[in-house]
Amino acid sequence: MNILNEFISYSGFANATWQHLVMIIIGCVLMFLGIAKKYEPLLLVPIGFGILFGNIPFLQDAGLQLGIYEDGSVLNYLYFGVIKGIYPPLIFLGIGAMTDFSALLSNPKMILLGAAAQIGIFLTFFGASWLGFSLAEAGAIGIIGGADGPTAIFLSSRLAPHLMGIIAISAYSYMALVPIIQPPVMKLLTTKKERVIKMKSVRNVPKIEKILFPIIGFLLTSFIAPTALPLLGMLFFGNLLKESGVTERLADTARNSLVNIVTILLGLTVGASTQATAFLTLRSLSIFCLGAVAFVIATAGGVLFAKLMNLFLKEGNKINPLCGAAGVSAVPDSARVVQHVGLQYDKTNYLLMHAMGPNVAGVIGSAVGAGILLAVLG
Amino acid sequence: MKKYFIALLLMVSPMLIFAMGIPDENKRMILIVTVVGIIIVLLALSIVSISVAIMSKTIHASENKDSKKVKKIKEAIMSDDDDRTIAIALALHLEKISLDEEEKAILTIQKVIKPFSGWNNKAFGMRNPKLS
Amino acid sequence: MNILNEFISYSGFANATWQHLVMIIIGCVLMFLGIAKKYEPLLLVPIGFGILFGNIPFLQDAGLQLGIYEDGSVLNYLYFGVIKGIYPPLIFLGIGAMTDFSALLSNPKMILLGAAAQIGIFLTFFGASWLGFSLAEAGAIGIIGGADGPTAIFLSSRLAPHLMGIIAISAYSYMALVPIIQPPVMKLLTTKKERVIKMKSVRNVPKIEKILFPIIGFLLTSFIAPTALPLLGMLFFGNLLKESGVTERLADTARNSLVNIVTILLGLTVGASTQATAFLTLRSLSIFCLGAVAFVIATAGGVLFAKLMNLFLKEGNKINPLCGAAGVSAVPDSARVVQHVGLQYDKTNYLLMHAMGPNVAGVIGSAVGAGILLAVLG
Amino acid sequence: MKKYFIALLLMVSPMLIFAMGIPDENKRMILIVTVVGIIIVLLALSIVSISVAIMSKTIHASENKDSKKVKKIKEAIMSDDDDRTIAIALALHLEKISLDEEEKAILTIQKVIKPFSGWNNKAFGMRNPKLS
Amino acid sequence: MNILNEFISYSGFANATWQHLVMIIIGCVLMFLGIAKKYEPLLLVPIGFGILFGNIPFLQDAGLQLGIYEDGSVLNYLYFGVIKGIYPPLIFLGIGAMTDFSALLSNPKMILLGAAAQIGIFLTFFGASWLGFSLAEAGAIGIIGGADGPTAIFLSSRLAPHLMGIIAISAYSYMALVPIIQPPVMKLLTTKKERVIKMKSVRNVPKIEKILFPIIGFLLTSFIAPTALPLLGMLFFGNLLKESGVTERLADTARNSLVNIVTILLGLTVGASTQATAFLTLRSLSIFCLGAVAFVIATAGGVLFAKLMNLFLKEGNKINPLCGAAGVSAVPDSARVVQHVGLQYDKTNYLLMHAMGPNVAGVIGSAVGAGILLAVLG
Amino acid sequence: MKKYFIALLLMVSPMLIFAMGIPDENKRMILIVTVVGIIIVLLALSIVSISVAIMSKTIHASENKDSKKVKKIKEAIMSDDDDRTIAIALALHLEKISLDEEEKAILTIQKVIKPFSGWNNKAFGMRNPKLS
């Protein structure tokens, strides 16, 4: 009965620890949020299942080639695209091919809100340094404030690969929780009068502007922050494929098959990379808390900057400062939150279109922010 | 006004505490990265913002002549409830994740909304419109 | 005219042997089965063409980077996903995203039939050992009895890569020939009375069960056999994407673009890996014969186990033992065979739905079986 | 009954021959892997089977109350030829490889089958149904 | 302010040279041709944007992992499929799955025109050798005359990787400019009387021929030129998937998702591989000029060969020599050019269908040509 | 006739100049690759051409009997403007890049073209054809 014993020694029952069970519960919670609450399901479901996948207990050091960190395992090959930062740019390609920048183009001053909200990145970097994380780690943690999953994974895979799991999970969790995190901050920092500001209806953007924008936007932002090239280049490339009008079949594949395939692989392996022993630490907990702070600061940054801009804008041109909250990105949830809060105070005040501008600008903003951190700390 | 001041203070306070607390060399580095980082992001997007504004004006100037006719039609359709239409159109977009068919969506919206504004209820029934 | 001579020395005409021609004929036969007979065309056509692809004669050792076993050749890069066992789990992801487990959930006792049929795996392993194959080789050969292509390729790539070509071709050939192999065995082992047993109509499965099953099923099976993780994990992950209701776009890509791309590459390279000199041996022939035996044993195992269960079941709850044959998996062909044979004896007895349960359970069963062999022999 | 015995014997016979024939150490290993393997697969799927049964009962118990209405409608549509409908529905599925649209398929089936059961042949002609 | 200085030293503004700007302008010109003129947009837009992508100036040798030639950069990983010659065969798979060979099958003698036009490959090889390029380089340059992008990239990645960028861009540029390059050559070499020759209507091709052709065509051509195996094999494999009638879902993915994904990655990375310093040389200019010559010679070769064939054909069976121009391949543009020129002289003379035969034969022809060059010079 | 001669000369002239100009060993190699290359490509595609012709004849011979009926129908539809129909069909194909639906396209063409040939304009309006 040696064989039977041996087989049992391989089984999950023989190798399970309480940490494995905690991780499995965490995975189930994320799947629950995704499926039952419909919060960011496209990522929380794969990440949640990935956590299960990565935390099935098995005999270590037996050369079974099962674990995500073991050379030769299937997960390890699929994880390659994460550790080398290949998946995030490909997702950005797809996002570019599904993003309509008209809202941004129709009211360019709103772009600044997408910049202001990135203060969340840098103040969180600051806070993390203060708490004793190394500079590179602090940079990777700060990017949670960018409220953009692929950017967070890309930067943390370069600056602090060992923290990538918790950073990615924090980023996606808070992006999912944006409808809960943002409204109190938005209400705290605005007066009733400000919340009902009606903005001018947006102009129609001609096709030629939509085609030129990805080219011009790409050249400007990547000249300023060449280290953000993989993200910005793919984002604008995808958008050009979409807007050019002559490469529709490429754009269609980029925003469907390609982005779906990469999302499946990225979500699963990022989830599976969170193995109990390395994940369940106090550091992970403090990163998770810093993430919440980052989202609050980012939201506050956007709102306050909108109020600052209003000091210089003429009556009738004033910005509804709620729109500032959309600058964190978390596309498109935070723009929806703005619309929702706006409607609470004036049922005829549709802010969605006005919030989309800062919202997509926030994606560009956090990519630039990631580029800066990568250049200085990389 | 007071509460914004408090908010600002709360955001900056760690930096102040930090500036006093830790004496080593890294401190300066951290502060500079934080401040310079924020500035560069703002700078970068300001440049984008300005460039977009210039681009728009240039294109608008050169296009202005021949687009009057198109505008008229659009105005006729979209009338005064501009924002609402667009917001709904956009909301529709977001549901489908693909944001790329503004024109279609607006047209769809018009097909769907207008009949209820009263002036062509009959046409609506006959045209048998199809969403998406 | 040196150049002309040299060029002729490179050509297929100068390098052809009778073995090449035999392999080309085998490839054409497989394509004929796929195209004209419509037996498993999605794999037999690529494998058949792949055999042609891999057996075009060319000058060896000239550094041309053409052969599938030569570093740097295109085929070699595409073959990577086979030898590293990456393609089979991705195909399982797609299969998961297209499989409806309701039939299995609605009548859980039928799952046992999917287990019983896996006796084909282990008895074939036994037989192959007996015939002088090494333990690892025998394990890889046994998996032919699992009647599941990706599982066979996955296990043989780990246990006996040099036999993978013939094992894959045997598995797919017999899966294609299930309508010919199974009926006589089914009829031999059942009485007329048993064949006309009508089973209770299956209950409707609520959505929540369908969502929970991939999670619970994954945890249970992978705790028991963690070595089957890459297969089971992907199968249940794909199924969760399908059933969750919030990740439809991911499931759609998994079951279409992704699985199609991988099927093309897997079929072609598995076919091309069968190069004449290594393939046309007596060992290949005996593996091919063992495969036939494996299918017969598996079918018999399922049918006999159903009859065994009937001894313990009350009248009215009895299982139609024909359904046992579907436990071999070979989804969905063997379930169709059950339906077809059932209708021969009672034109109102539709067994398809009842056969689907053991059918999909058989997929899980053979993945667990592969995990066991991998743990013990790997 | 005799033929099953023969079948069983045929399946086990190699093991008997083998047990007698080869004397070396490997033999034991091979036998054990074979037997233990079969047992573990059976065990594993038994556990799955039992768990599914328990899960179903738990869910059924908690859901039973509010699902009566839905059931009634379903019964009304599916009547007594339950199995046949599902079998055909499933057959349709299999043709398309995608097994995921049970509900749709059942509805389709009903559109297609019901008319021929006699009670709405006219409606069939007018509704112009489209498979898939 | 060290950090600020450092950051500026990383930026594009600090590292830009006039060469970068020239490259960016070239990229914009290609995108303009693709978008505004609709010339081969599916490749010129990705290549054009790729040139921008590859020529954003950044600090060299700082280990930023940004450049396409730096180990570990995202572009470098994506570029792998180009330098290893993996993407072109995959594109050929898709092309095979979208090509209808009926036109070729219905009038087999027209196949010869697709062979004759490949004289452009060899005479350009000859010319390039004459201008001082090494044999391998000359072979890679010659393939521009094949008027087939994937073939050009495949061959140049094997024979002269350092010239691949300019060769690919030349090939695609001239393919885009076929409507401008070919008509004068066609008119120069034909008489008015020849241009109005009406050809017999083509016969209907039975399905069985369409299924057999990819198998027979593959065996014949790859026996003659096994070195063209990766291209020919994939082309005919894709076509078999399309024509077999039982693998439609595979063919559909091959001709859509798969080919689109590969086209995006290939176009972008081929564009990005043209980095200013290596690209803006006199050699590049002379290659670009040789490319134009290659297209002219290829067109002339096809037309003159058609006239040669007419000497041996009976009245009523004569070929309209305009069709010879379609033999260069550049599918399907050059066949359209033939139709267009034909209609200029006789408004009832529709040559498109007759031109499609040599057109697709030209694809096979240039793959064979590439195989020959690879065997002799590789 | 003269201009073809000139064209040929232009194409071959580099080879002549080259043959005289460069004296080294490579020269022979280059010439041979050029000439042999052209010959092999021509040879290869000639073999393909001949094989296709043989294949067609073999298949045609064996199929000839039972395909008469199909032919008749096709001829009835396609009448004399054969080439034009096919050319347009093919043009349609090319637009959509997917070249694989010849039959459909031809049918579509017929639906679209025939009505305008005058003999079934009414049917056209009623059948409500849909391109693609």
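A, B, C, D, E and F label the chains in the order they appear, each numbered from 1.
We adopt the following convention: contacts are C-beta pairs under 8 Å (C-beta built on N, C-alpha and C of every residue); 3 or more make two chains touch, one makes a residue touch a chain.
Treat the numbers as computed from the prediction; the structure is a model and nothing was measured.
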Chains in simultaneous contact with chain A and chain B: E
Co-neighbours of chain C and chain A - touch as defined: D, E
Same-residue or different-residue interface between chain C and chain E, half as cut-off: different
Farthest chain (mean CA position) relative to chain E: D
Interface with more contacting C-beta pairs, comparing C-F to A-E: A-E
Averaged-CA centre spacing for the pair chain D and chain C, given as whole angstrom: 18
Distance between the centres, which are taken as Cα means, of chain E and chain B, whole angstrom: 42
Approximate Å spacing (C-alpha centroids) for the pair chain B, chain D: 52
Set of chain F residues in contact with two or more other chains: 29, 33, 36, 40, 97
In chain C, residues with contacts to at least two other chains: 3, 7, 224-225, 249, 256-257, 372, 376
Interchain pairs in contact, sorted by label: A-B, A-C, A-D, A-E, B-E, C-D, C-E, C-F, E-F
Parts of chain E lying in touch with chain B, wherever the complex brings them together: 1-4, 7
Residues of chain E that touch chain A when the two form their complex: 3, 6-7, 10-13, 15-16, 24, 28, 31, 34-35, 38, 41-42, 45-46, 49, 52-53, 56-59, 63-66, 72-75, 77-78, 256-257, 260-261, 263-264, 268
Chain F residues touching chain C - in the complex, by the definition given at the top: 29, 32-33, 36, 40
Residue ranges of chain D touching chain C (in the complex, touch as defined): 3-4, 7-8, 11, 14-15, 18, 22, 26, 29-31, 33-38, 40-53, 55-56, 59-60, 63, 67, 74, 82-84, 86-88, 90-91, 93-94, 97-100, 102
Chain F-facing residues of chain E, complex: 98-100, 102-105, 108-109, 111-112, 114-116, 118-119, 121-123, 125-127, 129-130, 135, 138-139, 188-189, 201-202, 204-206, 208-209, 212-213, 216-217, 220-221, 224-225, 242, 251, 255, 297, 300-301, 304, 307, 332, 336, 339, 348, 350-353, 356, 361, 364-365, 368-369, 372-373, 376-377
